[in-house]
Amino acid sequence: MIAAILGTTGYTGMLLARLLADHPQVDQILPASSSKAGRKLSEVDPGFQDPGGKIPGDGALLTLEFVLERKPDVVFSALPHLESARLCAPFLADSVVIDLSADFRLKDPQTFQAAYGTPPPREDLLGQAVYGLPEWQAEAIRSGNLIANPGCYPTSVLLPLLPVADGGLIGGEIHVSSISGISGAGRKLKNDYLFCERSENACAYAAGRRHRHVSEMEEQLRFKAPGASILFVPHLAPLRKGMSSTIFVPLARPTTEAEVAGLFHSAYGGAPCIGLRADAIPQTAEVRGSNRCDIGWQIEGETLMLFSVLDNLMKGASGQAVQNMNIRMGFPETSGLSLAGEI
Amino acid sequence: MIAAILGTTGYTGMLLARLLADHPQVDQILPASSSKAGRKLSEVDPGFQDPGGKIPGDGALLTLEFVLERKPDVVFSALPHLESARLCAPFLADSVVIDLSADFRLKDPQTFQAAYGTPPPREDLLGQAVYGLPEWQAEAIRSGNLIANPGCYPTSVLLPLLPVADGGLIGGEIHVSSISGISGAGRKLKNDYLFCERSENACAYAAGRRHRHVSEMEEQLRFKAPGASILFVPHLAPLRKGMSSTIFVPLARPTTEAEVAGLFHSAYGGAPCIGLRADAIPQTAEVRGSNRCDIGWQIEGETLMLFSVLDNLMKGASGQAVQNMNIRMGFPETSGLSLAGEI
Amino acid sequence: MIAAILGTTGYTGMLLARLLADHPQVDQILPASSSKAGRKLSEVDPGFQDPGGKIPGDGALLTLEFVLERKPDVVFSALPHLESARLCAPFLADSVVIDLSADFRLKDPQTFQAAYGTPPPREDLLGQAVYGLPEWQAEAIRSGNLIANPGCYPTSVLLPLLPVADGGLIGGEIHVSSISGISGAGRKLKNDYLFCERSENACAYAAGRRHRHVSEMEEQLRFKAPGASILFVPHLAPLRKGMSSTIFVPLARPTTEAEVAGLFHSAYGGAPCIGLRADAIPQTAEVRGSNRCDIGWQIEGETLMLFSVLDNLMKGASGQAVQNMNIRMGFPETSGLSLAGEI
Amino acid sequence: MIAAILGTTGYTGMLLARLLADHPQVDQILPASSSKAGRKLSEVDPGFQDPGGKIPGDGALLTLEFVLERKPDVVFSALPHLESARLCAPFLADSVVIDLSADFRLKDPQTFQAAYGTPPPREDLLGQAVYGLPEWQAEAIRSGNLIANPGCYPTSVLLPLLPVADGGLIGGEIHVSSISGISGAGRKLKNDYLFCERSENACAYAAGRRHRHVSEMEEQLRFKAPGASILFVPHLAPLRKGMSSTIFVPLARPTTEAEVAGLFHSAYGGAPCIGLRADAIPQTAEVRGSNRCDIGWQIEGETLMLFSVLDNLMKGASGQAVQNMNIRMGFPETSGLSLAGEI
């Protein structure tokens, strides 16, 4: 099985390369980079190792054109929003495409326009794109050829909210407060992401409708709970990786923590990448390096509080993309993915 | 002017010692410690310096008994909850007492019992205790002899909420999500506070009614907005210092960001320790080491979002205690307190 | 194949459990803990996952007695120094024992006495203990039943120094300056290891002969370079994991960087866990989570500078222990061990 | 007294603005910035506060031309190397200039050429430049009009070495291993300084003669110990601020720790910014935010180990610059400078 990566030198691309190098069903990796083609990947990223020799030749980064000709079975696009759709579309002729950008995530072009200030770059392909949240879309993923890998914030918010929406418990505006590790912003060279700016610093940013991920959360949530609305405040804290979401849900009717537990267990009973934590509020360190999303819940009066944690580069990005590949290709769902956290 | 510190070797006590050493109106410092009396403070805390020679003798930590006899003008108690009240009460005979513990913060003994599982240790003194939030209680502080210094979470939540309560804008349950630096937990030797447990980790904890500080917030808030209720979720993130609170307020009536700005400006127009940030969401780094609390606000639909940041050891504890001393003793309000952040 | 862990709830034990859970040749794991036997490991350590169901029963931690009766093939002891030898010795009857403590590392009982202030706890067994530095002792490891897993500092210093000693290049006292992540101190509850004490802090400690690991380095080094002496200064910096050693070697004779490169290539040509970095000084982030030790070198005048980096919990402890198991049991040397770093 | 800052928006300029705002003898601050003139400083740097209203007008950043016309008493140049000399030279006509760049630090133009690949930008002024290490050059500083503020690494290495050189103890090549906080690199937008690249990472870099600061150390050291040579290895660790230097000095003759202590006490007996630590190895946290450099020492066999810590932005840059201003202007040496560390 041949897997390609477009945009190998950002954090999600670097992690994809490592996951695929250790993936038992992947035989060959084709790592592409528009800016660094020709240089060896292990030089650009000295933490990368390819003991199995899965990258052909001398391990050099390839051009997109070269990769296109090789007709890989699966193509992961870790390219930036608004570039990705155009560059990965040609691969659809011969490959399954898993796009980690936002370009195919929103079904409604108007919503995309409102969030990104421009129409979806390949609106013609939106119809065939599958929203790749594996715990909810496994069937569509199994037969999809264009999989839009969800954003990290939406994954951390939708996984706890969807069973609650299914249970008819949402009774008003949902308030979400999330904390993200800095790698969530990618490897962008911006003053804000310098060590000295982010260390010993915490803050909210892009609150409310201003954050692009809100549209994605709301669109998916409304398929189950029409009219539901989310007020979302992301925060940055000095972590490399990790996302913690705290969600306040006004209850539509009186319920119990046991009933909520029941909803989660029936939604996620067999899901290997979901950890249900009846006992304690989960911590990001417990899923660091893991493809799990751990979920806790608590009721106070008429409000349900939900807590989720995940590793924004794993279940929030590259790990979930590999999970999608596994499902699409018929491999075991967690093949090549660790469920244990890093120490 | 003689100032004493009870419990000098925790983080708030250590910071008090440094602030007082540089305070222009303080002539002598009497640092007490029950566990380390007799040892030099600069040995126990090598970061401490006393270039003005304000500590008598060789700079050694003193016993509480010794300090009591010296009848200091002001006594700061940085002792643990449930110990502090009993140990600082004897000082009331001759000194102004500023207590940094929770022992005198709650007016209602029942509320104290519910939060701490035991009656207030000196219920007889509750009546004379002043809640030391300087921007709201300056008059009472000026004549009080027992000042209960507010908790860091309540300070960060009440400063943005009180003007909004005053304006009659609170229309339903308030949701608060706060992030605290680890020093907020004090210098306790607990597995949870080890570097390797907290670094690269973020989590919610003690959500809802379980956190003791909620009673304090609600009691103070209800003096202005009877019946108001707060659902509070604190979080830990890998910072030494800093507190960021994000507050969702359901609006009682339609309003504008300009009206909210007006409320803040009339409440805090002359307040040197409040920074109003119409332009941007504030960040904890901007008030690190400062005695400021910076506040931002934003309206989305029928919900007002408030953002506050402060340094939990400064405006959230020791800095606010010195501010209280300044007001009580008739010194300039920010004497000995930096308003600029640390680089 | 059955592997047991004694002392599963410290950092090295927790990591061993995770490595063994993913290890393709390990069928069953017996995790023992004297203090927490009876509790489920996944409760004590929520980051741990056992998707393969390798821990028998309900996943509970076991007593040492229970494990002893099961006669595991391999026993890892992650118990504290001075306790480990006595508690793991009984397992020698039926199991290969890999001891991660210092108890069997020193050949010379006098040296042990000098470093630890007490004789080696099981001096009678020192003769049969193999020093488990796989790149140098593979043959002895293959047939050893008691393997003393090296310390993290000695591993990071010996791997770069031994080829240089072999080449006869050591011409005087060696100066070593190492930086360690905080997990190197284990999971001890000590004021010094609190987040607020170590964050934004760097320091040297236990300089010179005072550090116990110096004896271990010197004893091993002198087998190749009799009389060699090391002046060693360890440092702490605010990292969870990672060790960087900078070594100044006075050259015994003029040489070139090319000759030094040759020494390294002939010593480590086929070694999967050594990365030779002719191009650049390695960084700990490049081996974070990996079982690699990366080495760089540079000559200035008559001094050779060596640079090594490793993950103190992996190649510096648990990863190296698994590497030793692999060699002893005839598995591929890096079975179950990642060579790529964590993102 | 009017003080100006050229280059106010880097870390050293930002800190200078804060120190001067609180400085009792400074009446007016003129903050210049070539890139951001016209914008308010408190907008560019929200952590900055000017409660005394020392910046004229509305607090906006000024052009260099404007500042030049105002003939400030003292001008601090926090401009980049190779730019600073040319831009601050015109101010020499009417102002004392304290240059924080490297442009005037080296006396020997050849040495500058070798280190920077270009001749000193204003070689004509080198003769009148005073090397502003206050503990050693106080007399020259008192009458100098062009003060070259030392680099952070040289300060941390020279302060412990100079008394030892004075004592004739240097007997061979000196090995120095230093750890620096990331702010030592300034506020440069470089991939290497991103949070995700530096967090959980430690490494040596620019070892040996490759680091520009070595020339500065050696030139100054040789004025006392002709021919002395230093092999220097700087390291980065995930701290914002702080510098720890560990120095190995081969002793020229047998000596004792008491004799070394004597050298330090006679060199620094009255120096307010030096902390002599006979008892323990100092830690950077103990001088964080302070203008102190703390020094420890230890002898092992024929080698003397020296340990120094300082805050690279304070005693390593802006704090030392203010100390130089104080000496030059006849103010108390530590006026406006904290000797206590930040909590």
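Chains: A, B, C and D, in written order; residue numbering restarts at 1 for each.
Please note the rule applied: a residue touches a chain if its C-beta (ideal position, glycine included) is under 8 Å from a C-beta of that chain, and two chains touch if they have at least 3 such contacts.
No experiment lies behind these values; they were computed from the predicted model shown.
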- Which contact partners do chain C and chain D have in common? A, B
- Set A-D beside A-C; more C-beta pairs touch across A-C
- Task: Write down the chain pair in B-C, C-D or B-D that repeats the interface of A-B; the criterion is over half of the contact pairs matching by residue number.
- Result: C-D
- Which chain lies the greatest distance away from chain D when centres are computed from Cα atoms alone? A
- Averaging C-alpha coordinates per chain, one finds the centres of chain A and chain C separated by a number of Å equal to 36
- Task: Compute the distance, rounded to whole Å, between the mean C-alpha positions of chain A and chain D.
- Result: 45
- Task: Spell out, as numbers or ranges, the residues of chain D touching 2 or more other chains.
- Result: 11, 183, 197, 200, 238, 240-241, 282-283, 285, 288
- Message: Using the touch definition from the top, list the residues of chain D that touch chain A in their complex.
- Response: 11, 182-183, 187, 189-191, 193-200, 238, 240
- Message: Show me the residue ranges of chain D that touch chain B in the complex, using the header's touch definition.
- Response: 11, 14-15, 18, 21-22, 43, 46-49, 51, 183, 200, 241, 272, 275, 277, 279-280, 282-283, 285-290, 292, 294, 313, 334, 338-343
- Query: In the complex of these two chains, what residues of chain B are touching chain A?
  - Reply: 173, 175, 177, 179, 181, 197, 200-205, 207-209, 229, 231, 233, 235, 237-242, 244, 246, 248, 281-285, 288, 298, 300-303, 305, 307, 309
